[in-house]
Amino acid sequence: MKPLGQTFRQAPFWFAALVVYAFLLGPILAVILASFEAGQAYHFAFPPKNFSFEWYGKIPHRYLHALGVSVLVAGVSAVIATLLGAAAALALVRGRLPATELLQSYFRLPLQIPFVVTGVVFLQFYNHLAIATGIDVLGTVAGLIVAHVFVTIPYSIGTVGSVLIRANPRLEEAARTLGASEAAVFRRVLLPTLRPGLFAGFFYAFIVSFGDVPISIFIASAKMTTLPVEIFSTLQFDFDPAILALSTIVVAFSALLILGAQKFAGFDLVLPSAKQ
Amino acid sequence: MEAHSLSWRRFLWAPLLVTILLLVPPQAVFFWMSLHRQTGTDGLTLDNYARVLTDGFYLGSLWTTVWLSLVATLLALLAGFPTAYILARTRSAWISALIVLLLVSSFVTIVIKVLGLSLVLGRQGVVNELLLALALIDQPLILLNNNIGVVIGLVQYTLPFLVMLLFSVIQTIPGSLEEAAELHGATRLSMFRRVVLPLAMPGLIAGSLIVFNLNMGAFTSAVLLGGGRVLTLPVVIQRKILLDVDYPIAATLATLLVGVVFLINVASALLVRRRAAGA
Amino acid sequence: MAEVRLERITKQYGQHKVVDEVNLDVADGEFLVLLGPSGCGKTTTLRMIAGLATPTSGRVRIGGTDVTATPVRRRNIGMIFQDYALFPHMTVGENIAFGLTERRQSRKQVEARVRELLELIRLPGYEARYPEQLSGGQQQRVALARALAYSPALLLMDEPLGALDLKLREAMQIELHRLQRELRVTTILVTHDQEEAMSLADRIAIMAEGHVQQVGAPEELYRSPANAFVAQFIGKVNLLPGTLTALSNGVASVRLQDGSVVNAAVNTLVREPLAIDAPARVSVRPERLRLARGGAGGRIAGTVQRRRFLGNIVHYFVRAPWGQVLLVEHGAGGEPFAPGADVTLDWKAEDAQLFGGSDF
């Protein structure tokens, strides 16, 4: 048992923590509770006054379409970003390259440019591309994917890199003494070790792509948008309580994704480090 | 061993090429555009930069961006550091659950959080109801569609990240150091000042810079919670593109934003180095 | 089963030679221990034999074949690392079978062999467990089984027992010795622990600063150390500094710092040039020194500083006239000498050995 004095002394810290958690979780809880309120929902109460699944049934099709686009774009972007990022991490950590630090800073660049700038840059890049080659990727899934891959590669470089740095080189040496070829060493020893890093990288890439607004808003079109952009427009111009229901679904989905990532990738990979 | 590093190097080509293709041409053309008065005209000119840097509107926007980012960063630090500290120092099975909660909160897309904020902070929202009921105020506070709303949004955006980062940082400071300090008679405050803060400082500074950068570039919260009245640079940039279709000015502003962020980072790094050398 | 030969093996990093022109022969089926302090180059030498490091110059021969350029996986060796390097994502069975599956053996063969090995290391039925579920000693044994699974020509071990506590280490030493005798596989083990080396080795190669100082059976190294370093590294020894006054027929006369002149045998293995009037050292093992009541007789006088009772033996720390503290070891039965007592130290002439005055 802790001495009472210590408990008292820690009180201000717990108070701060309480404030922080209330502040961060409050709005999310508000959305969840309000989604279950029938009728004009600017209100929510705990417990809900008129509990109903009304809004869950009334989600307009365009939101669901946007959700599908978001999942598709995030999924494909995350896969590409994870593969490219893993390759870069292998080269950076194991390749004994000259100017490794410089290369590492280079690969972090996409995250140091504000996303809104990246969005604008890609918009005009796509414009020029369309003029120069006739290939128009604005308002397409491909256009979104390319832009999202650009900003999500650094995440998987980070996660795969940190696993690689901690990997025990003895394991690979042991495999070599046991007769394994280089390909076998990679396949049977290194790759399984990298798995948590790959999962964490995929997870980060997915979540960043899925939730992005500043980039997608410039590339999306009226016919092809992502879910956050769709909600963004709704919030600006009109208010449909159905988005409360939709948002609750997204929150549940995000929570599941995080729990899954934590299970596969483990704790420390999922926490941010100061090396960004 | 030595031979292996050569084969690993080959892995660099694909990501390097892809990122160069996606980074250099677009950014170069974009920057190029800021040097032209209008899209398509010849003649390099710094006119756009001159315009932007002498126009009170743009300068005011820059100032607003920096100021709001600073305030949001400080608030996040003030609330986030004690939270991270107590999470890092408490041994309990619940701590991982609490961290996961932070993760969930940071990865729920910002628009949903803003949706919730508009429910909570509105004139009839929970916060105002509570404060009125407690008779702390006699008129509802206006927390949305102004600077306050934007700052709140910025903190929402960056606080979970900062807490998790500081959590990792504080975990690297052995608890035995604090115990040693207390054994030597230090008060809690003194121990903080002389042991915890100095050791956490590099992480604190790195984290604050990241948070500041995120705030400077934040777009969604500024638009949605600013009610169209809070015109930070990201908001202005978006308007220039989507409303005025003025690419050159937008490019100029974007370059300005990136430049200012870069300068502030460099200045902080130099300050830190000077402090470290002088101390 | 193969013999190993190292020909002028050198490993150089920049100006620094970690291993300097090492020549070594290991006979087929022999248990050789590379012994030395940290940084002496023993691990680097082992890794060059394995192929995990490339010699800057020199040749490695296994079974008569020059393998210097052969990649690791084709050298048909088994290796055990200090941290065991068991694959954490594979079961015990999969770990042991790793080398076998690389050699394309049938499932049935592999399973049978794994069972056989688990019996050998006395962990039957452990196939499905994971390394993290095993204790240090058990992991050690699994690493051994994995290395032996495909009957390699050579077994290499890099400080394998370093992470184990004393009792476990002793038990594992017995196991290793037994297995090596049974399987007759040529074994090279690296360690800094001289007791371990003495208990396991057929022959010991002592290394220091990249050179092999001496190679020989444990007894040989103990009784006839080639230089002061070896004498000090194996067992305890007293080195009495003095000046060489005469040298003939393998016997040297040395004047010690209190003026007395003593004789010492010259080891034929000692390669240092010994000049008259040069500094020299007389080395005597503690158990060869005899203490007697002060007075006439004996070679040098001294004062007892401290007495340590260790059960079966007693240690005396005795101060020589010139200030050096010498270690004397007596059996527990003799008359005790109290601190402060004046004593004389004596030894048989053949128990004193001559070394040069320099470090080695």
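A, B and C label the chains in the order they appear, each numbered from 1.
In the analysis below, a residue touches a chain if its C-beta (ideal position, glycine included) is under 8 Å from a C-beta of that chain, and two chains touch if they have at least 3 such contacts.
All of these numbers come straight from a predicted model, not from anything done at the bench.
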Leader among chain pairs (count of C-beta contacts):
A-B
Chain with the smallest distance from its CA centroid to the overall CA centroid?
A
So, comparing C-alpha centroids, which chain is the farthest one from chain B?
C
Chain A-chain C separation of Cα centroids, rounded to whole Å
56
For chain B and chain C, what's the span in angstrom between their mean Cα positions?
60
Find the geometric centre of each of chain A and chain B from their Cα atoms only, then give the gap between the two centres in Å, rounded to an integer.
17
Touching two or more other chains in chain C are residues 52
Can you list the residues on chain C that touch chain A in the complex?
50-52, 71-79, 81, 83, 85-87, 89, 98-99, 102-103, 146-147, 150, 156
In the complex formed with chain C, which residues of chain A make contact?
168, 170-171, 173-181, 184, 188-189, 192-193
Flag every residue of chain A that touches chain B in the complex, lowest number first.
9-10, 12-14, 16-17, 19-21, 23-31, 34, 42-44, 84-85, 87-88, 90-92, 94-97, 103, 106-107, 109-110, 112-117, 120-125, 128, 146, 149-150, 153, 157, 182, 207, 210-214, 217-218, 227-228, 231-232, 235-236, 243-244, 247, 250-251, 254-255, 257-259, 262, 267-268, 270-274, 276
Per the touch rule above, chain B residues touching chain A in the complex are 4-12, 14-16, 18-19, 22-23, 25-27, 29-30, 33, 79-80, 82-83, 85-87, 96, 98-105, 107-120, 122, 124, 126, 155-156, 159-161, 163-165, 167-169, 188, 202-203, 206-207, 210, 213, 216-220, 223-224, 234, 237-238, 241-242, 247, 250-251, 254, 257-258, 261
